[in-house]
Structures are given as C-alpha cells and as structure tokens.
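Next up is a structure, given as structure tokens.
All chains are identified by letter, namely A, B, C and D, in their written order; residue positions are counted from 1 within each chain.
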Amino acid sequence: MPTILGRNQYGKAENRVVRITRDGATHHIKDLNVSVALSGDMEDVHYSGSNANVLPTDTTKNTVFAFAKEHGIESAEQFGIHLARHFVTSQEPIHRARIRVEEYAWDRIATSPAHQREHGEHSFVRKGQETRLTQVTYDGERWEVVSGLKDLTVLNSTDSEFHGFVKDRYTTLKETRDRFLATSVAARWRFNWTDDERPMPDWETSYERTKQHLLQAFAETYSLSLQQTMYRMGAQIIEHREEIDEVRFSLPNRHHFQVDLEPFGLDNESADGAVYFAADRPYGLIEATILRDGCEALIPADLTNL
Amino acid sequence: MPTILGRNQYGKAENRVVRITRDGATHHIKDLNVSVALSGDMEDVHYSGSNANVLPTDTTKNTVFAFAKEHGIESAEQFGIHLARHFVTSQEPIHRARIRVEEYAWDRIATSPAHQREHGEHSFVRKGQETRLTQVTYDGERWEVVSGLKDLTVLNSTDSEFHGFVKDRYTTLKETRDRFLATSVAARWRFNWTDDERPMPDWETSYERTKQHLLQAFAETYSLSLQQTMYRMGAQIIEHREEIDEVRFSLPNRHHFQVDLEPFGLDNESADGAVYFAADRPYGLIEATILRDGCEALIPADLTNL
Amino acid sequence: MPTILGRNQYGKAENRVVRITRDGATHHIKDLNVSVALSGDMEDVHYSGSNANVLPTDTTKNTVFAFAKEHGIESAEQFGIHLARHFVTSQEPIHRARIRVEEYAWDRIATSPAHQREHGEHSFVRKGQETRLTQVTYDGERWEVVSGLKDLTVLNSTDSEFHGFVKDRYTTLKETRDRFLATSVAARWRFNWTDDERPMPDWETSYERTKQHLLQAFAETYSLSLQQTMYRMGAQIIEHREEIDEVRFSLPNRHHFQVDLEPFGLDNESADGAVYFAADRPYGLIEATILRDGCEALIPADLTNL
Amino acid sequence: MPTILGRNQYGKAENRVVRITRDGATHHIKDLNVSVALSGDMEDVHYSGSNANVLPTDTTKNTVFAFAKEHGIESAEQFGIHLARHFVTSQEPIHRARIRVEEYAWDRIATSPAHQREHGEHSFVRKGQETRLTQVTYDGERWEVVSGLKDLTVLNSTDSEFHGFVKDRYTTLKETRDRFLATSVAARWRFNWTDDERPMPDWETSYERTKQHLLQAFAETYSLSLQQTMYRMGAQIIEHREEIDEVRFSLPNRHHFQVDLEPFGLDNESADGAVYFAADRPYGLIEATILRDGCEALIPADLTNL
C-alpha cells in the first residue's frame, strides 16, 4: 500500500450548551460552545470503514449535554476536564481527548427592587466583549490546559512611536513619534498544572486576573513597537500568575491612519485631537510566544479559531 | 424609450471614522461607520453617463472626515445632521441626503493611579455589546431622525409561557408553561423632531434611557408570547420618552430547547436548573411597529443592516 | 392607551430544506432556505398575549418540510406560491403571507462512465456563485413575485471612464479615462404576473435569461459612470423579458486602485497590464429602480438580505 | 529575567492584489490575498523596542505589489517563491519567510462575437466555488510548499451507510444503511519539491488534477464512514500525483437529517426521493493526514484559515 494514515481525530464540534442553575428564583447562567476531538486506535475506520472502535460523534454530543446536567459547569476548564477524563477512561480504543470550549459572558439586566423581590433575577444581557477560550487535552496520564481569549479590541490613542527601522528599495513609510496603536487580541496561555495529584488552579480567578494584567500592560507600556507592547503583555502575565508558564499572542495591527486634511484647509495635527481612518486590510500581524525561563513552548504557532 | 428611471441614490458607504478629542492627556473617543446616500437631479448620469450633476462619492467620503475635524462628533445624530444639511444646501442638484451611522462604544482601560497622574488616560477597550445606529434624512425642509440598535442579545430563563395557539394538520409543538425566551434585539425609533425651529432632543441621554426602558420591559414582562413582550418593550419607550413617536422591532426568537436527558437516566426538569441546546436556524422572526396613538408609521417594515 | 400596534408579521425564518428527487439511480437536488412571514388579525397576541389566532412558527416550519415532499420543488417561485396560498386560504386570521427563498445551485461531480452505469449519479458540488432569491406575497387575491440574486461579483478591467463631475471644496479625486469597474450585484426584479387566471412565467427559464442579460449588459456597456452601466443592466432586462416590469439594483462600487509603483522605479501604466489594490471599505453604493414605462415602482428602496 | 521570548514572526497580512495582464484587448486576471510572515534576529524589538532589525510591515506590503508588476503572477506558488526568496536573501536579520496566498478564480463573461471583435475580452465574473490556497516557506536552503483549498462543498445523496459503531450509556443514534453525506472540504497537500536544484512542479496543472482526484474519490467511494471516504480522497491524490507526499483534511460532517413526516401522513422514505433538514451546528469534525509511505508528516494538525 503506497499510502498510510497519519495523525487523525474526530468528534462533534460546536455543541452549544446553556446551563441554568436555579438558586430559588435567582438564576445563574453558563453559556458554552463545546467541541470534542478524540483519537486512538482508529486505523480500521479509515482503511476499511469498520466502525467497531468508533464511538459516534452523536454520542459525544449527548455526553456534553448530559455532563452539563450531571456535573454542572463550574468553569469551562473544569467542564473540559470532566469530559476528557470520561472519554479516555471509559473507551479502550480512545487514547487521547481534546476538549475545546468557547464561553460567552452575560450580565444581569437591572430590574426594579419590587420586581426583584417578587420574581427573583433571571434576565440577562450578553456582555459581548471578548470570547473566553479553553482547550483541555488528556492522554490518560498528563493534562494540558491552555486557556485564552479572542476578539478583545483595544487601542491607545497616543504614547506609541515607530522609527529606527530598516529601509530598503521598497520602503516608503515615514517615521513617527506619535501614532495610534490598536489591536484585536487573540491570546492563549498554558497552565503548568498537568497532574491529578497536584491541586488545580482556581480557573475563574485566574482568568479574570490574567485578562486584567494583559489589559494593564497594554495600557501602561509606552510603545516603540507593537512587538515590545506584546512582549510586555506576556511578561506581566508570567510575572504575576505563577500557574501560567507560556503565553502566545496573535495581534493584528489595526491601522488607524491620521487623515490628511490639508487639502481642505484643516490642521489635523492640532492640539485638540485628530481624525483617523480605521483601515480593514491589509494589517500588520505580530505573533510571539512569551515563556517562563526554563519552560518549554508547547502552544502551536498558529492559533486556530475555536 | 420603453424603460424609465425610478428612485435612485448614491454615495460613499461605510466610512470608518475615529475622532479623538484631547483634553490635555485625557482623551475621548468617538468611533463611527458613516454612510452617505444622496439623490436629486440624477437622470442624466443614468441615461447618458454625464456626471455634470454628480458630486463624486470620493468627495462625500472626504467631507465625512473633514467634518469630524471641523465640527467634532457630539453625537451620531448631530454629526449626521451636519452632513445632511451640508449636502442639500451646498449642491443645487442634490435634493435629499440620508446619512446612516453605526457607533461602537468603548470603555476606558483601568490603569494605576500613578500611571494616570503621569500619563493621563488614553487607553480604551471596545465594549462590544450592541451597535448603536442612527439615520438622518433631510430634504431641505424637514428632518427625519430614526435611531436604534442591533445585536443586543438578551434572555429570560423563566417567566415565559406559550400555549392556547392554533393547531392545524402540521402542528406538533407541545404547549408549555415555562420556557426560555431569548432574542437578539434589532430596534429603530423615530424622533418627532423634524424642524430646525424646535429644540433638538439630547441625543446621548435619549439613547441611554431608551435602551434602559427596552431592557427593563424585556426583563419585567411575564411573557405569554414574544409578541406580547415586544409590544411592552415598544410601549414602555413610547410612554416614557416623549421625543419618540414610533418604534420598530425585528426580534429573532433564538430557540433554546430543553434537552431530553431521560435516555441517560437524568431528570432535566429538576428544581436545581436545566440544560438547553441553543439552536441556530430556523428561528422565529417577530416584527412589529409600536406607535404613539395618532402618529403615522414611517419606519420601513424591513430593517436593513446599517 | 397612548400606544397602538402598527404593521406586524411573524413566522419561522431560514428553514434549510433540501429536496432530493430520485429518477432511478439519478438524483436531482433543490437546496433552499425558506422564510415564512404571516400577518392578519394579530392585535390580541400583542396586547394580551392571547395566542388564539396564532399558528405557531413551529407549524410554519413543519409545513415547509411537508410541502417539499407533497408538492416537490419545481422552482423557488412555484414553491413559494404553494406555501403562501396555503397559509392565507387555510387560516382565517391570516390575511397575508410572504415567503422568501434563497436558492443555492449545485453542479454534478463528474464520475467515470463505468461508475455512472453501475451506480447512477448522485454526487454534487456546490456552484458557489450567486445566491438566487425570490419573494412571493399573497393577500388572498393578488400575487406579487419579486425574484433576484445577490453576491454576483463582476468586473471590467477597462472600458470605464469617470470625469466631468462636480468639484467642491472637498473634492480631490482626479478624472480618469481608464479605470477598473467592479461590483457585487444585488438585484431584484418584479414579475407582472399577479393573477391566478393568467398563465405563470416559466420561472427557471426566466431566471437564467435574466441573469444572462444582466451580465451581458455589464460587459458590453462602455461605462462613463456606474450609474450608466446599472441603468443599461436594468433596461436590457426590461427590453428582453416581457414578464418583468421593474428592476432594482444595489451596486457597491468595489474600488480597485491602481498602485503607485513609481517610488520603486516601476511604471504601472505600461501596456502589458497593471497591478491594483482591491479595497474593502469605504465603497461607493449606487442604487436605482429601472421601470417599464407606465408601470409602478413597488420594490422597496432598501434591499434586505434574504 | 523570569521570562523569555519564544517563536515569533511578523509581517503584513491580507494584501489584496489584483494583476491584469494585457494581451492586446484580451485581458487575463490573477486575484490574490497575500500574507507575509518573517522571522529571524528579532529579540531586540521585543525586549527593548529597537527596530534596527525590523523591515516594516508596510515595506512587505509594498514588495507584494511591486513584485506583482515586476515578476507577474504565473501561479500563487511561483509568486510566493519569488517573495520568500527576496525577503530571506535581501535582509540579513531575516532567516525565514512564510508567504500565504488565497486565490479567487474568475470566469469570462460571454459577450457577442461582434463586441468581442471590436472591444476584446476584459469582463469577468467571480467563480465563487472553492478558495485556492498555498503556503510557501523558505529558510535560505530548503523550500516547503503546501497548497490546498477551502470551502469546496460536496454531497452524496446516497451510497453512504453508518452502523456497527460502539454503543455506550450516552448512545441514542440509530444505525443506518442509507444516509446523506455532505461536507465542506478543507484540504492541504505538501509537495516534495524542496530544492532549487530540482525542477518545480507545474503548479497550475497540479492544482487542477488534484482537485479532480479529490472530487472523484468523494463521488466514487461507497461510504461506510466519512473517515473511509476521507482516506480514499487522500490516497487517490497520493497515488496519482507523484509531486505530493502528504495530504491533510479537515472535514465537517454537514448533517442532513431526513425529516420525520409521519405526523403529517407522509412517507418520507418513498422511492421518489426525500426531504432533508440541513443543520448548522453541531457538526461532526473528521480530520486526518494521509501520507506517502516512508514520508514524514509536516502539515500541522490544525488547519488555519488563511
């Protein structure tokens, strides 16, 4: 046979599960998009179509919904750990499970005190800011938990420069001492928790603090390049969050060009502020891994969507 | 000639303009997407290609950016009024201008007090909840201002019923006394300000309050149908905001199906809460206009995207 | 009561129905996205939540799937006519039905003659070009059928000029005698068939020929403005398709800017061809109705998505 | 320093370049979306913000447009090779360049023979089927070219079974001997050309033939599982295209559920064909690498979008 099978996985993707927990008339919500990917002894199904080792993707979907009821959803990470452990330990042919989760955050809608007393609180409005992400991988022995976020859009309207760069035959860009810096953050961070014997991090607290550090480093770094700002964002996380060993960023440089208004007799450089054109494409794309010294880089270079 | 020209308009769409206003080291931001549509004596350009009456769409783009500098952006509505007046009054062949604006909201990123003292505040994170909308139309005499929002996603996890409906040969739906009610609100509301002689509403305050009324009515209405909830959302706006005479909603019923977990020996009806499957398509689509009694309905039935 | 109900409608949107017709081992496919909107005596459900006149949106979904089996899908228009007639004639409170359909085209995948003899033909690849559209409205007496398409992307790489336009204080655009003309066509056309007593058009043939006329007029019009090209596209349809009385276009001017390569010692004007930057936003947006003389314009000015 | 820099890259993404080549009045078009990613001696820009080794992303954009003029665009692969070689050989700090290209295909619009004689052919309509992809990586010594496609939507309306699978506590799926099989193909294939000394493949011919093999294997495989069909698609490519050593697929199982019409007295199993509901989410996701025996798997497991 001239061809052979390489790495493979399968499962049900994008299971949209919402879990309401009732505390009397006060409700709590967890809103997740869960994708299951399983691998193991799967040669036969590829070579001959025999499904003797194949737990149907439909079953993996059912398991997601059933586990949301049985175990609840304490956090995206904890939920992924329940699922991954189940698939690897309950099915002999499955040697590895990878659970990906997107989480959407909701705020409560404010109601009148009278309404609240009588009816409780069970109305929500979607926050709509970043999407929280996690990926849990388990091979029966070792855990890898990589969390993160996407679509967190930030900007600094000053305190950013760009100069001293290489010039070649194709360079026309002018140096600048004051520019707009905007990006839409895609980030992943890897926890050093890998072992059931060790205590888990507090996943919810870890997420909130990590996001804060990321934002604060973006805002407080006087920037000579987006690379420098990005490195500071990762370093601040590593320095303050001992549960995290590695951070990966993919940062599009969302260009905001200061508009030339001279043809209209207007000075767009004046002290009261300026007008910018927010461009779509092309955009700079700046990517890097920031690591705790001595640790290995395990997050893949290309961050995928989910 | 067997064919003739009907209604027509042209202009530059989706001008992405960001205006920073500097108050020392403290910056303020307005982030808009502005579309211009002009109409008037435009037969020739359609019949013969003569551009003698055509102000280029490129010029309408330049005007948007120049006006953001000259006049600032006090509110989306006020900015649209400046632009519409300019095109109609400065170009004889243009009889009508329609300016559409999408506005994206930003929060400040919290920085340390020390950083703030030394560097001011000029870092922002995009809120990412609803998109605010306005449409200003001017024909040289009369103003029509229709504002609104889209992509405001809300849910009630209880206090919603659906029963007593018509059954025909194709009806299989079961009646329910407790269901999940979720929608993504698209709304437009028309102001009764039409005349330069009358004082304008406070556009910023009006938007914030209208959104609050809309959310509160959604949360506080015990629902027997999404139509009833929708009507209450519109009525509460009309009752509390005297500057608004008409509201139009387009509400997709984002179905959340309670999952049948009985095959797995689980009771999804138990008191501690339940698990739902959030479906994509198909969805119910509920649309209506709610009017102040005696007023005319002027918002088109089909809400367009921008 | 200070507020009243205005125009309203409801139904199930985006029912994704695929109908396979078997002719022995040769299969035929129709792939539609069907949206139902009903209106009539619906005051009560808005004011009090009484569903006594409400056929559930779930039932309208079931009807779409059942009719695809019972009546087949001869064409999107014919299918919409079956559905609209059913809802208006079978439910007393429903006075008007509007059925919208998107249709996705498929080609057969070529297989070997031997495979075809033994297994027939039942493999398809989605064409992926434009999306075909239709909207059928019925009030119990009169039909309105508006068909069309969206996302048909076309370009002329020459034979387009733009000059002789108005210049004002904000005009910087240079005149040109040779430019790139590109657009993504959104079009709707209204049939003059309104009455069950008259024979229907051949909907499938009509669509194919109308698309051909539209494309040919785009390609063969030497353009002095996109408005002129658009008018010719509509006029050619009206002149050649007697079943159509009205055409509405919404044409984004997808700008392709000839890149300035002089800083790199390159002449982008040379006779062997040129390099263009395809811009996203902003874009010109050119819209008009073209009518058979003496006919009324009934298609709304703002084309909605479905 | 507790943190260090790991893998990183930067460049301008999504440069939308269109190249027209004039052969008299007959024009040819190439329509690409080009992304540049460079890496090398980049520690300083991350640690201190020094741009002394940084060729601006703006320059990489200029280079894309200039090369489209200077070298033309013979194929996406050849164009990527020109660019990657340029960056690595002309800039000492740059050790590795990765060029990604999306290509959009266009057909000619048919015009009348008379028009063609007088005006030539320079009108195009976008094909709109799959998007062609390539990624060229160069480190100064060795080339890696991975091409592929995305969004090629295919279906078999019969000759697909699914049974004999594992059942556990959460399994409710019924076995079937006749199902609908539909997917949207994302594929990447790696060429074994790595060395300037060896002749390059004919990139255009290779793409057309590889797509044909992929489609034919999908259509002609009697399927017992999507995994089996996927493996045959890869194996047929490896068996027939000697320039390709490795294929990676990511295949969403786009479920089409046969609708239960029994409640309406209809038999959806009848011989004349059936009605299906095309579901959005969740979907099965089936992924694998198929390799020429003895070759190494180098395509990453997670296919990214561009």
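Here is the rule we go by: contacts are C-beta pairs under 8 Å (C-beta built on N, C-alpha and C of every residue); 3 or more make two chains touch, one makes a residue touch a chain.
Listed by chain with UniProt protein names: A, B, C, D = Uricase.
These numbers were taken from a predicted model, which means no experiment stands behind them.
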Intersection of the contact lists for chain A (Uricase) and chain D (Uricase): B, C
Same-residue or different-residue interface between chain C (Uricase) and chain D (Uricase), half as cut-off: same
Comparison of A-C and A-B by number of C-beta pairs in contact, larger one: A-B
Chain centre separation in whole Å, for chain C (Uricase) relative to chain A (Uricase) (CA means): 37
Inter-centroid spacing, chain B (Uricase) versus chain A (Uricase) (mean Cα positions, whole Å): 29
Residue numbers of chain C (Uricase) (touch at least two other chains): 15-16, 62, 66, 170, 172, 263-264, 280-281
Complex contact set, residues of chain A (Uricase) against chain B (Uricase): 16-22, 27-29, 31, 62, 65-66, 68-70, 106, 109-112, 115, 119, 122-130, 151-159, 180, 212, 215-216, 218-220, 222, 256, 259, 261, 263-264, 266, 268, 271-280
Residues of chain A (Uricase) touching chain D (Uricase) in the complex: 1-16, 35, 37, 42, 45-59, 61-63, 66, 90-91, 93, 162-168, 170-173, 223-225, 227-228, 230-231, 234-235, 238-239, 246, 248, 252-253, 281-293, 297, 300-305
Chain A (Uricase) residues touching chain C (Uricase) - in the complex, by the definition given at the top: 169-170, 172, 263-264, 280-281
